[in-house]
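Two complexes follow with subunit A in common, the first pairing it with subunit B and the second with subunit C.
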Partner chain A sequence: MNPTIKLSLVILIAFEISFTQVWMVNLALLIVSLLLMIYAHVSFKRLLWLTAVPLFFASALVWSLKLQGSTTPHFLGVIFTRIFVYVYLGGWFSQTTQPLALARSLEQNAKLPAKFAYGFLAAFNLMPKIQAEVATIKAAALMRGQVLHIWSPQLYFKVILAAMNWSDQLAAAMTSHGFVEGAPRTYATTIPLRHRDWWLLGLSLLLVQLGLFCGLP
Partner chain B sequence: MKNWHLRDIILVTILAIFMGVIFWALNPVYTLLAAALAPLGLQPLANEILLGVWVMAGPLAGFIIRIPGAATLGEFLGAVVEMFLGGIWGASTLISGAIQGLGAEIGFAATGYKRFGWGTLALSTLTTTIVTFAWDLLRSGYATYHLNFLLLLFVVRLLSVFFFGGVLTKLIANLLIRAHVLPTTNR
Partner chain C sequence: MTTAIRNLTFTYPNQEHPVLADLSATFPDGSFNLLTGPSGGGKSTLLKLIAGLLPLPTGSQIILAGQALQELPATQRASQVAMLFQEPSTQFTMDTVLDELRFALENQQISAAEMPAKIAAALDFVGITSLKNRHLTHLSGGEQQKVALAVIVAMDSKVILLDEPFASIDPAARLDLLQNLVQLSQAHGKTIILADHDLSLYERWIDHLSVLEAGHLTTLSPEATQQRLAIFSAPQRQLTHVTLPDRQLPVILQGQDLGLRQGTRQLINPQDLSLFAHQITLITGPNGSGKSTLLRALVRLTDYQGTLTYDGINIQKRRRKAYARQVALMFQSASAQFLNVTVAEEIALSHKYGRQTYFTPERVDQLLAQLNLTQQRDQIIYTLSGGQQKKVQLLCMLMMAPQVLLLDEPLKGLDYDSIQAVLSILKTVQHDLQLTLIMISHQLSGLDGFVTLHLQLADCQLRYQEADQ
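Let's look at the complex of A and B:
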């Protein structure tokens, strides 16, 4: 499935079920996304993780709503299943989509300006370096006997200086390799947007609407 | 008003990733805190206490980059980073990220992206709190809580967002101004 279409589908459904209260649709959605993940060979360990964590948070939220609020068992069921739909739908998307393919698709299919698509990609490729930099900053402070906490302005200060430095260098590097903002581009890899993708999006959304508005509990 | 250029786009993304990486370390704390509060039925409080940390990327990006949309984009990209780092909340992270970013954005937009000082930041933390709280009223069923508990949740959230998104962001900005990487004007 085309990454942009897949992302739209996941976000639209997640957004819609945040407002509606039909637990049977939630249940159907979570089963379908679970099956899709199994079909995509998501590892068993990952599936277990994706089940255990929401199980804890959903139970805790339901327990809290029961103790501190006035609510019906039906609503608790809706909230409980809703959390699983979020997690499984999101899990299906992030486990079956590469960031590179998503950026390319957003540029080619969704007409996102190239400067955004390539800017995001350039920065995302720095991910391991960024993780190392945070560790370095903390270690360097420790050597001088300072412990940098999540509430220490110095931690963010150093991080922001590094970010400014790197973004200058990356932008300069891209420009020197011939990247021009707004210039027409050709694509080395094209991401196909087939009729099938549109049909899948339309039919899935239609099914969800039918389920939500035909009077199911 | 400035426009988006390649350097700003890379900067906002790198900032979002940095924040994502820093906050990644906080996930176990959140889980432990939630577990400790859960038996009393106070689990949402864990969320409220730490919410300020999650929404910080918005005000920080808005304050440093100062282009319309910077707060929204910073917060949203933070959510994307979290999703691809393996955060479990997936699609709902993206929606929350966009909503949190928009909340912060309203504060900056209200002053026309011209004034960058205490007032704007305080306003931005207030709008963030209100917008995200309205979202949780719907999404997490907060609307069914008793009024007293609801007020407690709101006040804790406001304090958390004010500390991290307001006080801490201002302290960071002060350091940046002293280092001459942010302009000193616009108090």
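Let's look at the complex of A and C:
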């Protein structure tokens, strides 16, 4: 499926179930996303992880709402399943979409300015670097006699500084490799936007609407 | 047609004195020019101005292969001028070598059909066809610089700027790159302007040596060039004073079956390794062979195979905080070590936790003067030049005076005078406080007579070396 269409579908569905309270639709959505992830060979470990974390938070939320006593079991069911839909839909999207394909699709299909598309991509590529940087900063501080905790402002000051530095270097590197904001570019690979993608988007949304319509009181 | 600079004056905002003062210079097409000068002298600034990465001040003019930079549309700039940066890892936008090359060609509006041939030719020219589908983050610094050069070759830029491209690269990778550059200038008519402090191994390659000092650029005569290059010439770079370690020497760090891996690649095969107390040990070896990784393992920043003991106790069983005060690493990137904003604040921090009895305020003042940093005391660290940052970093780490100080490329980006000052300070403090220094350096000038042991990493094996004949 085209990455931009896929992203729009996930966002639209998530938006819609945020404002409706039909737990059957939520249940159907979470089963479908789970099946899609299994179909895409997402590893069992990752699936377990994607289930355990929301299970903890959803249970805690439902439990505290129940203690409050003013909520109906129907609402508790909606809240519980809603959290799973968010996580599973997000999981399906992130586990089955290449960041580069998404950036290219946003640039080519959604006509997003190339600056945003590649900025997003560069930020994504920076993630492991940020983790390594935090470990290095902590170790370097210890060697200077200073203990930095996760709540130390100095740690954040350093990380932000490093990120700002990287962003400057990245801008210079992009310029040096010929990138000019707003200038036309060619595409090494074209991300196809087929009729099938539009049909899939339309039909999926239609099904959700039907479900919501039937389920609403 | 030539590349020329006319009446260039450049002052950084919030600074009184211009870095470049009414500078004029000419670089003929197809020439290989080497630019040298003290650290902080404005070499990077000049290159950035030529590359169009900094706005050109009014009244100044830069001509690129016959075309004025100001009149050049931004979209055509990359085909005229491209830059290879000092820090290998931060010059890419994409994830893999192939994607980065595609990105550059897309920017130049090359059609998708023409791309594969151009990419194949560029990779072949630099000799890195095998790296095509590799992730950029998994490559060594030397390989990354080769990729950066391949991108420039693919873009076919007429003027190629290089800002200390070999600062953390081993001689073999550097030789490969130099040969490529000479070929680009001689056979393809590219103008090359390369900035470097370390002038060793350039004699055979360059056409012109220019010195940038006090804002002015002077192109040296052939005699003066030879004289300048002679300072860095081969005989002085050999290590004639090192010895094999004596059995009597006390061991401070001991590795048993110590091995290092990076991903699936074995960097160092499991071996027993002794590092000796109160010695100055130099570790050399090809770029990307695992020298930095070894130092990171010694301070528990990376995983390793086997065991490592410090003073007889496994370093994993030692308390992190206490161990960090015993064995500390001076990182290759200076900014990693700073926690504050100004030079004075950094020194105050090191004074607070460091060896106060030895590093009295008077001694610190004297050391600052020796490092030519007295003027910079209240300056914000991040506005200092790379070389100045390196010197502040060294001073801060020395003031901590850990039993074992690991130094990863402490001379990187330093000019000749700074190297002399740094080595003399290191020697004095090491002697006075009986420290153990273990350093990595590609830059060997001035190290003969300074280091006492030489540990070479070759073929995944670390071995102590005898003196060179």
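Worth a mention:
One rule holds for everything that comes next: the second predicted complex is superposed on the first by the 212 of 217 C-alpha atoms of A that agree within 3 Å, B and C clash if a C-alpha of one lies under 4 Å from a C-alpha of the other, contacts with A are read in each partner's own complex, and residues count from 1 in each chain.
Methods note: a contact is a pair of C-beta atoms (placed from the backbone, for glycine too) under 8 Å apart; a residue touches a chain by one contact, two chains touch by 3 or more.
Not measured: the values here are computed from a predicted model.
Steric overlap between subunit B and subunit C is absent once the structures are superposed on subunit A; the two fit side by side.
Contacts of A:183 after superposition on the shared chain: subunit C is touched, whereas subunit B is not.
When both complexes are overlaid on chain A, the residue A:122 reaches subunit B and subunit C alike. Of the two partners subunit B and subunit C, more residues of subunit A are touched by B. Judged by the touch definition given at the top, the superposed model places A:142 against subunit C, while subunit B stays out of reach.
In the superposed model, A:170 makes contact with both subunit B and subunit C.
By the touch criterion defined above, A:100 lies against subunit C but remains apart from subunit B after alignment on the C-alpha atoms of chain A. For the combined model, the angle formed at the CA centre of subunit A by lines to the CA centres of subunit B and subunit C equals 80 degrees after rounding to the nearest 10. Superposition on chain A leaves subunit B and subunit C with their closest Cα atoms 5 Å from each other. Comparing which residues of subunit A touch subunit B with which touch subunit C, the overlap comprises 99, 118, 122, 154, 161-162, 166, 170, 174-175, 179. Looking at the complex, you find that subunit B touches subunit A at residues 4-11, 13-15, 17-18, 21-23, 25-26, 31, 34-35, 38, 40-44, 53, 60, 64, 77, 81, 83-84, 86, 88-95, 138-141, 144-146, 149, 163-164, 168, 171-172, 174-176, 179, 181.
Within the complex, the subunit A residues that touch subunit C are 99-100, 118, 121-122, 125, 128-129, 135-137, 139-147, 154, 158, 161-162, 165-166, 169-170, 172-180, 183-190.
Against subunit A, the residues of subunit C that register as touching in their complex are 48, 51-53, 74-75, 77-79, 82-83, 85, 87, 90-95, 99-100, 102-112, 115, 137, 151, 155, 299-301, 320-321, 324-325, 328-329, 331, 335-337, 339, 349-350, 352-354, 382, 396-397, 400, 402.
In the complex of the two chains, the subunit A residues touching subunit B come out as 10-11, 13-15, 18-19, 49-50, 53-54, 56-57, 59-61, 63-71, 75, 78-79, 82, 86-87, 89-91, 93-94, 99, 115-116, 118-120, 122-124, 126-127, 130-131, 133-134, 150-151, 153-157, 159-164, 166-168, 170-171, 174-175, 179, 181.
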